[in-house]
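Chain IDs A, B, C and D follow the sequence of writing; residue 1 opens each chain.
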Amino acid sequence: MRGAKSAKWVAGAIVVALAATACGGGNDKGDSAKGGVFRMGITEPTAIDPFNAQESEGSLVAHNLFTGLYKVEPNGKLIPALAESATTSDDGKTWTFKIKAGTKFSNGEPVDAEAFVRAWTRVADKKSASDVAYHMAGIEGYEDLNSGKSDKFAGVKAVDANTLEVKLSAADFEFDKKTVHTVFAPVPKVAGAADNKAYNDQPIGNGPFKMEGAWEHNKKITLVRNDDYGFEKAKLAKVEITILNPNNTSTLEYQGFQAGTFDWARMPTPQLPVAKQKYAPKNQWVEADTSGINYLVAFNQNAPLNSPDARKAISYAIDREAIAKGVFQGMQKPASSVLPPSFADVYQEGVCTTCVKQDVAKAKELAEKSGLKPGTVLDFGYNTGSGHEEWVQAVAQQLKDVLGLEVKLNGKPFKEALSEQKDKKTAGLWRSAWGADYPTADNFLFPLLATGSINEDPATGAAQGDNRGRYSNPEFDKLLDQARATKDAAARAALYKQAEKLAVDTEQGLIPLWKRTQYRLANTAKFDNVKMDFFEDPNLAEISAK
Amino acid sequence: MTELTKSTADAGTAEPAAAPAPAAASAEPAVARVTQWGEIRHRFVANKLAVFGLVLVLALFLTAIFAPLIAPQDPYHQDLTNTLQDPSGEHLLGTDALGRDQLSRIIYGSRIAVEVGLASIFLACAIGVVVGALAGYFGKATDSVLMRVADVFFAFPLIIGAIVIIMAMGRGVMPVIISLAVFSWPTVSRLLRSSILSVREADYVHAARALGASTSRIIIRHIIPNSIAAVMAYAAFSVGGAIVAEASLSFLGVGVSPEVPEWGNMLAGAKDFLGVKDFLWVYPSIAIVLTVLGFVFVGDGLRDALDPKLR
Amino acid sequence: MTTSHITAERPAAAPGDDETPVLEVRDLHVEFKTREGIVRAVNGVNYSVRSGETLAVLGESGSGKSVTAQAIMGILDSPPGRVSKGEILFRGQDILKLSEEERRKLRGPKMAMIFQDALSALNPVFSVGNQLGEMFRVHQGMSKKDATAKAVELMDRVKIPAAKARVNDYPHQFSGGMRQRIMIAMALALEPDLIIADEPTTALDVTVQAQVMDLLAELQQEYAMGLILITHDLGVVADVADKIAVMYAGRIVEQSPIHELYKRPAHPYTRGLLDSIPRLDQKGQELYAIKGLPPNLLKPPAGCAFNPRCPKAQDICRTDVPALVPVTEQDGAELVGRTSACHFWKEQIHG
Amino acid sequence: MGSYVIRRLGQMVVVLFGATVVLFACLFVLPGDPVGSLGGDKARDPAVVAELRERYGLNDPLPVQYGNFVKNLAKGDLGEDYTQRRPVTEILAPKLTNTAKLAVAAIVIDIAIGLLAGMIAALFRYSFWDVLITLLTTMAVGFPSFVIGLVLLSTFSVKLAWFPVIADGSFQSMILPAFTLAILDAALVARLMRGTMLEVLKADYVKTAVAKGLPRRTVLFKHVMRNSIIPVVTYLGISFGSLLGGALITEAIFNWDGIGLALVLAIQQQNNPIIIGVVSFGVAVFVVLNLIVDLLYAVLDPRIRLA
């Protein structure tokens, strides 16, 4: 979910450029508290309680308040946290986790297997209406609990204080990787039900930091070091998180960084080239291709894009390089695969052959072959107010110029956009983006391309899942099933690669555009070891003041 | 702009208009005899500002009509290798973030401005005149009901109301026109109604009635011609306001589609480059300002010409 | 003369120095600058009024009678209006030479004015008590409470019923006659030496007119003030005025003691005015009206300004401006206080 | 007076009713599911959507939904937003404070600049200052708020760096948006004041005041001012109402965290409870301010009888 709401790779609606307006002196007493104070800005999260923390802002806070079974490195590698060991049954359906003994929540309650059962049940409960509960959908008994038929989570069991047994309804040898999501965090008894407003605004957790006071909505969230943390303690004494206006957060963050009030910042896209020039030499520029993809949904089941050739013609007609340079001023990189480079084991650069370079001749040829004649009307939808207006126009123009299509741009607000994408009758293209929730290839391929992710509503025909382009190929679905049930990591990766090639290259089920490239400024003058983590947030638990 | 026309036109939702309040300037029926058109024209032409305004408005109309002949380039033509170019011989007003010629886009932008400005106000006047005439004619319950309906639409701030309608209808030129008209007509109908009510008591109407003229005849022959003057002055004045409202909607990203060359769209795209590429917002702003001033001057001139005592 | 502290204990009867008039206007000229040119609204007016005396100034609108009054009070709209020539002697002193502040201090305690339309002349947003009391507060530094008490007293004096209850009412809450009484009370407040009443009864019903006029006359007698009564209605002044000055196009065309004028007008214009009063004994006859319109002061006719409308105009009337000359009996005997500005006054007065 | 107020309040209820019906009708026909997404690219879990639709009564027919809305509104409850599931009133309260701050600042500027300029122009009619003020106020009408906003922002924040580029709620950051909002109104107030004052200066009662021997300042500041400000007060009252309803453009340009900006964002995200909350509030404020202005009018001008 992260990245979605804030759409941070292109700044929000109103972005005001800054001509280096450092205003007022920053708060420099940071070092007075032992360990230092790290300051940053975010937009108002949807929730910081793990039951519903979802976008990058919410998970930033939740990740630092809670420690789950595993942590993840930026490259997708799992690091055991509370899980001292994990064993998987040969059918891949039963997972047994040994929980590290003796750690406590900051209110003194023990972190045991029961804390996980309690937490997961709380999440999946119907009444919680958790937006992120579906990550648990593979666990046995989820259906019953989530539909209100039961108030127990049948597949989750505390065998003893330190043993957690999880039964899945289908084989999944990568279940452990899913648990890096904050929705799998343990909670203490005081958490109560999901609608416990007091806990929602001031969660008590077992993470490296704890809340100092409650969440002041639209103002700030303050974290202080948890000195009773059961793992290597954080070095920072305090983290001050200012909640900024969602309209132009990146501008505010950038301004704050320049003024010395923030130690970490995003930047508005038009400012990136200037900022890079200024801060890269100071070693304060952080840049990474993270676990996400920007792509075009091509509606596979409706004309005119109901043939692989037609979709390939579109892909060939787009000059990704020119737009990356002309519109994004070189700050976006063309993508040639769906899986991101950060997933080293499955990354295949150039797997999408049509993505590598614009090819006018091939585009025309394929268009001709597939009946995508000049003058064909092509709807091209996008959601408004998120900074997509410019580049979609550029793509539309290229499709007009190369293929002579009559491209109809269709800008809609989020909800309308979504409802239109879901509609069975929708045809043409729609801009979209995807960010991984956990470091698995499956987290891209299944939701975006599997038949099961269409999840058509029998009543309305709307696609309720994320595969709104409605790519559907039994062979692909079978490859994914096989991969999930393959214990050996290398063999599994090979299957995923094969699946990606089939869906993205052979059949062009969707059209990759650019990588998810993230840029940050980090105050390396005052802090050591500042990095961007898997979730595109600063690695607060490891930062130390100079 | 919109607030201006609304609140000066009619301060309250009800009666207190008896006071000698010049505030109610535009609401006060400009009781011009229809036979005085010559004199009205004379007074208008004598008003230098009004003539200047007329020149601006005519220039706008000509630009809109002959845009394809005047514009040096296709306003949609993108040149991704030449984005954000400063003004030069090749691109007199520079290029935008997609390398499109800004001068051409400003020239074509006049079309949307004219289209939306005229159509929305025409529609508003049409609805307003009908409702106002009905309310003024029938009075009593009809009047109360119609005026309450007018109050409802009057109570929405223009931009906010328009956004709500556009959300329901979708973006585009037609929704913008309709949404602006929907929240502009109450001013017209109030204007017409109060004008009818006051004219109804005028001596020449009493005289006509005494001579046995029917009510409908009185309305058509005496009341409407005398009230329509006020509506016309309002209309001229409001076209500028409607253009601003339309540009505001596009600026907020809810007006016409962003690829359409339109001034509000241009500003919306330009604000990302404030302080970096200022020519991107300066020139469209100038176009808007001149246009609005043109209509305001014409409107003012018309009002003064119709009713010189209001000067 | 310029002291502003004139206490209420001042004797009611003014120091009646009969030799010095309270007010004397000498060769007064007032002009207005307009876009079309200079309008000479007053062209050499002379008149005077003594304590206890009532001078009626008669004329159509635009004749300069009100402008003269405003010039005396010092409330001309300036610009565009200004006194271009002449003197206004108040108790012998030329008040045109005083500073604005000195003149201000004359207004109220020394001279006061009653306007035609009390509804528009009273400020609509202040209570009458406030507006009456203001005289005392500003000129005598009286407290708000005392000033209100004085206001009630004044209202009693001008016979407004239930004065105490109505002192906080607003002007629009009074009837026309009552409002005019309030105007009168306001003018009388500081017992000035001179009151200028500009058409005080024009806006009133006929019955009320008489009451207000009587009240004015009564109070004038009581306080022995000089009164300049400006009117266009000969009927109104007959009973109250001592003498009369008839104005036409910025000039005085005839001056006379009141009753003589009615008997024997010495100017065709006055004749016309008299003939246009409806009279019971001429019932059934067509009412006389002076033909034509008042002159355009931007382009006054050459010669006598009245000539285009005069039934008896001769060539000389179209070339020479007639001077204001003393009028005599046929035998040359002096007629005290009578003057006329007609080339043919003799023919007019003696038939 | 009492019965007048009661009647007007009755009318207000009718107007509010009508306005919210229009609002509901428009939002109801929107194609998107109000709880269908959180504004991102991912679809919301159908189970969650179903649960939330149930919880917020979105499956009820429109009239029932509207009825519930009115019932809650009467209790001062605007419901919960569908994202954070927090009470709308709680979300909007601090933003309303910010909007009110800005509105008050703008009105203060209107009064200070508008009244003064109008007075100077009227008192020194045809002077240099009059011509200058008339020219400026005439020009100002042609400048939409987004143009003024961009000009002020680029000049005083970006180029001169006198003010922060993005409002943070501080007094300093309030100055530019307040001016942006105020310039047009100040110009109109100045024009109104000039016109009214010229009218009043010609009035008989001003002559009376002079003839009474009142000092010039008493004539001007008591008799002239008191009558001249009546229409200005009326105008400012209405203007204040529209400012309180949220200045969308200005708040958006300056990133002022008020209800106008909240509305802009809510529209982008189709956050219906917030849209309904802000728009209903805007309409209510406008209607209430209108009533207040009419009552004020009666207080300022005793000739007005409210009936």
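Operating definition for what follows: a contact is a pair of C-beta atoms (placed from the backbone, for glycine too) under 8 Å apart; a residue touches a chain by one contact, two chains touch by 3 or more.
Source: prediction; values computed, not measured.
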Furthest chain, CA centroid comparison against subunit B: C
Between A-D and C-D, the pair with more C-beta contacts: A-D
Innermost chain by mean C-alpha position: D
Distance between chain centroids, defined by C-alpha means - subunit B, subunit C (Å): 53
Whole-Å gap between the CA centroids of subunit A and subunit C: 92
Mean-CA-position distance for subunit D and subunit A (Å): 40
Set of subunit C residues in contact with two or more other chains: none
Multi-partner residues of subunit A (each touching 2 or more other chains): 13-14, 16-19, 384-385, 413
Multi-chain contact residues (two or more partners), subunit D: 30, 153, 158-159, 230, 252-253, 264, 267-268, 270, 301, 303
Which chain pairs touch, all of them: A-B, A-D, B-D, C-D
Touching residues (chain side subunit D, partner subunit B) in the complex: 8, 11, 14-16, 18-19, 22-23, 25-27, 29-30, 138-139, 141-147, 150-151, 153-154, 158-159, 184-185, 188, 192, 195-196, 199, 230-232, 234-235, 238-239, 242, 245-246, 248-249, 252-253, 263-264, 267-268, 270, 275, 278-279, 282-283, 286-287, 290-291, 293-294, 297-298, 301, 303-304, 306-307
Subunit D - residues contacting subunit C, complex: 202-205, 207-215, 218, 222-223, 226-227, 230, 300-303
Residues of subunit B touching subunit D in the complex: 1, 3-4, 6-8, 11-16, 18-25, 49, 148-149, 151-153, 155-157, 159-160, 163-165, 167-168, 240, 244, 247-248, 251-254, 264, 267, 271, 274-275, 278, 281, 285, 288-290, 292-293, 296-297
Contacting residues of subunit C [partner subunit D, same complex]: 70, 73-75, 77, 104-109, 112-113, 115, 117, 120-126, 134-135, 138-139, 170, 172, 186
Contact set on subunit A toward subunit D in their complex: 1, 3-5, 7, 13-14, 16-19, 21, 23, 44, 46-47, 54-55, 126-127, 129-131, 133-134, 146-147, 217-218, 245-248, 251-252, 255, 383-386, 413-420, 422, 432-434, 447, 455, 457, 463-466, 468
